[in-house]
Amino acid sequence: MTIALYPGTFDPLHYGHLDIARRAARLFDHLVVAVYEHPAKPVLFSATEREELFRRAVEDLPNVRVERYAGLTVSYARALGATAIVRGLRAISDFEYEYQVALMNRHLAAEVESVYLLTSLGYAYLSSSIVKEVASLGAPLDGLVPTHVAEALAAKFQR
Amino acid sequence: MTIALYPGTFDPLHYGHLDIARRAARLFDHLVVAVYEHPAKPVLFSATEREELFRRAVEDLPNVRVERYAGLTVSYARALGATAIVRGLRAISDFEYEYQVALMNRHLAAEVESVYLLTSLGYAYLSSSIVKEVASLGAPLDGLVPTHVAEALAAKFQR
Amino acid sequence: MTIALYPGTFDPLHYGHLDIARRAARLFDHLVVAVYEHPAKPVLFSATEREELFRRAVEDLPNVRVERYAGLTVSYARALGATAIVRGLRAISDFEYEYQVALMNRHLAAEVESVYLLTSLGYAYLSSSIVKEVASLGAPLDGLVPTHVAEALAAKFQR
Amino acid sequence: MTIALYPGTFDPLHYGHLDIARRAARLFDHLVVAVYEHPAKPVLFSATEREELFRRAVEDLPNVRVERYAGLTVSYARALGATAIVRGLRAISDFEYEYQVALMNRHLAAEVESVYLLTSLGYAYLSSSIVKEVASLGAPLDGLVPTHVAEALAAKFQR
Amino acid sequence: MTIALYPGTFDPLHYGHLDIARRAARLFDHLVVAVYEHPAKPVLFSATEREELFRRAVEDLPNVRVERYAGLTVSYARALGATAIVRGLRAISDFEYEYQVALMNRHLAAEVESVYLLTSLGYAYLSSSIVKEVASLGAPLDGLVPTHVAEALAAKFQR
Amino acid sequence: MTIALYPGTFDPLHYGHLDIARRAARLFDHLVVAVYEHPAKPVLFSATEREELFRRAVEDLPNVRVERYAGLTVSYARALGATAIVRGLRAISDFEYEYQVALMNRHLAAEVESVYLLTSLGYAYLSSSIVKEVASLGAPLDGLVPTHVAEALAAKFQR
């Protein structure tokens, strides 16, 4: 039985994240979407909000669960018994950063494998930052995020 | 039960290829190393030789088998019932080429997923081309390829 | 009145090329698609065939015409009175090559501007090489090239 | 009649920006340099200052005007009737960011085309950040920015 | 007699920095490790601490000395009579930034040459940022930084 | 006393190569320009011609000599007692290839250091391939190669 971890900040999740999660769920027996509680950069949504938004987006997938974590990603992977960390690759700038993180993770926990999926073409231009910027300017979010995330963004920026 | 395909020309295999195969064998139930018979570029080793050299290198791995194939990689994956195509990523130039191939493969067979592992640090500088160049100049191949591949290369260049 | 040149080998044209041509035709008064007669790499289609295949694909666009040329691209641009050379950018490897060519072109003819359009998302994985490879393996070409180009490719590979 | 938009923060403009503006002014009937009022990053010069500095630098170009804008760039382009957004490409890191922005802009307003010019060789190393850093250390700014911008920078850092 | 400068923030130094310093010390008669006093980004260690940590790490190298500096790097190089600025290249994102800095430095002081060494394979994933992140999460630092730097990091994060 | 090696195919040398050689000659006591006799790709000029063209271009530099070599570059460096191999970096695609070669060289001869200089801005678009292509089309070569190389190219293409 293979357990895979899909870690991220997900502030908030967008269709690119959801695409990676759905595809990873077909490759592994169990997938844990792991929401990083305390990222270095300031976040728009709290860890609880980010977790709830993702949970609602994958509630139709029986082998996926969504959790929060703190500390080293590889320590959390070990604690779960995960053999793979899943990451999406969107572009070359992703690649270099991901390579650095993957090598550090292997230095820290050689038995946890990093596995990459390439972002689907239709979502290659999506990032949480650009979604937040578009939302802050009041532009429509169709095709970028699920409806419940669009509503959550609208609520944040109306305040 | 997950079947994964690891396709390539492997002319000849080097430790970077072997590293990807061993790591993929831990992630999936069955791994088929698929030697591409008729690559566009001229090869040093015949398809049979390339297949045999790889088979000998993984004979200790019970869930790995080595086969030859022709035609589209995704058609071969479909015929085997594979859900994943495994590829190693070594550098950014790999990334762009692999992205193009992965998108074309998804266009042709959306149900077969492309999965990437990053080359281990110690093998990041290895390619079959550079191995053949080093071998052709008579330099030692320790740490680059398994012994039986070094012998096969020496035999090719002594002729 | 602005005349723009869209030069290339187009062996054969695919939907990515057509997308650039159609978008450039909206930006400039006249667009000349310029088929390079004698590329360094061997071609599948003759210069006349490549020209005819492109002409047929743009016959609904009144301000576009298709021509063949030899020699320096900037000399041909000058002879036509073109102020812009249009090129599609698909990926980073394109970018470096195009930068080198653009700088050399400016060295040779400073008054001709190089203008870049980014390939539409749906065609980012298309190249003439990969289209020919897919066609040579007998896979379907829907969504990759116009029907008359698919027929021309089929004819080439059936021979 | 083609109207093109050249948007940016321009904090402050440097010779690389000016080079793009002058070259774009030769390609299109009208060029609007659009100074983004409220960028996410802190700015050294106010929107009014950035607008005035650019206006003074292009006062010899009859078909160029300089304006300020807020909100989505594509909405401003639409409001002006612009068919093209002009951007300078300096390096590969620019390319990836610009690709993401261009794809998002096409998602939001498919009728506005993004057009790229490559930075002239002599200005490839210029960025507003590095100009401000050099100015803050008191080094001479010849060849980097127009004289009136050098004076404005000196005034900022003398305060 | 050649004097080379190895400038950086070194907040704190890690084995990748030390590797560059040791290799540069074999290439040039004298090497000055130059600790930049006032970087734009906030630092964990004071300039004095960063200087002392590096000095202790190279005390066995007779032709290396460690100094602090402020202002333009090229002005400091000139003041020392250095003919070369040494920098480590780790990845492509480094390359672009370093290119920009090197071109600006040549603009400011054409007689000081920038010289690059490629990071040793074993340290390609190291950066001061990732070391600080790992240290802040309490993970072991073996193989990443010298012992006295690991102790200094532990002291900072225990406070 | 430091001996540095500047190896290459130089088919033919252009101003970018000459710029690297002149700058390296200021950094090291002795510089050996090493012309690779038997490159994998077909060459326009014989090894003797490539050597003579480079020798003539550096005859004013007393600490530079030009030689031919065969076999591994690091073996030749060892035989000469060179401590450094000098290479020019022009672009990111260079960087990846050079990284692979440098790592292989270190695997084969750890005591020979690879040192990189960045191509001067004015020559960033130069490569021997593009020079030969321009020459074959009869365009002027001013600013690209020294006069005696332009004459040698003209002679080759007039035949």
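The chains carry the letters A, B, C, D, E and F, assigned in the order they are written, with residues numbered from 1 in each.
The definition used in the following text is that contacts are C-beta pairs under 8 Å (C-beta built on N, C-alpha and C of every residue); 3 or more make two chains touch, one makes a residue touch a chain.
Because the structure is predicted, anything quoted here is derived from the model rather than measured.
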Discussion item. Looking only at residue numbers at the subunit D/subunit E interface, is the share used by both copies over half or under half? Answer same or different.
Written reply: different
Worksheet item: subunit C to subunit D: how many Å between their CA centres?
Response: 30
Worksheet item: Taking each chain's centre as the mean position of its Cα atoms, how many Å separate subunit B from subunit E?
Response: 39
Worksheet item: Measuring from the mean C-alpha position of subunit B to the mean C-alpha position of subunit D, what distance in angstrom results?
Response: 47
Worksheet item: Tell me, which residues of subunit B touch at least two other chains?
Response: 92-93, 96, 99, 103, 121, 124-125
Discussion item. Touching pairs of chains, all of them, please.
Written reply: A-B, A-C, A-D, A-E, B-C, B-E, B-F, C-D, C-F, D-E, D-F, E-F
Worksheet item: For subunit A, which residues are in contact with subunit E within the complex?
Response: 40, 71-72, 75, 92-93, 96, 99-101, 103-104, 107-108
Discussion item. Residue numbers of subunit B touching subunit F in their complex, please.
Written reply: 91-93, 124-125, 127, 130, 133-134, 137-139, 143-144
Fill in: Residue numbers on subunit B that touch subunit A, as the complex places them
2, 23, 26-27, 83-84, 89, 92, 95-96, 98-99, 102-103, 106, 113-118, 120-121
Fill in: Of all residues in subunit A, those that touch subunit C in their complex
92, 121-122, 124-125
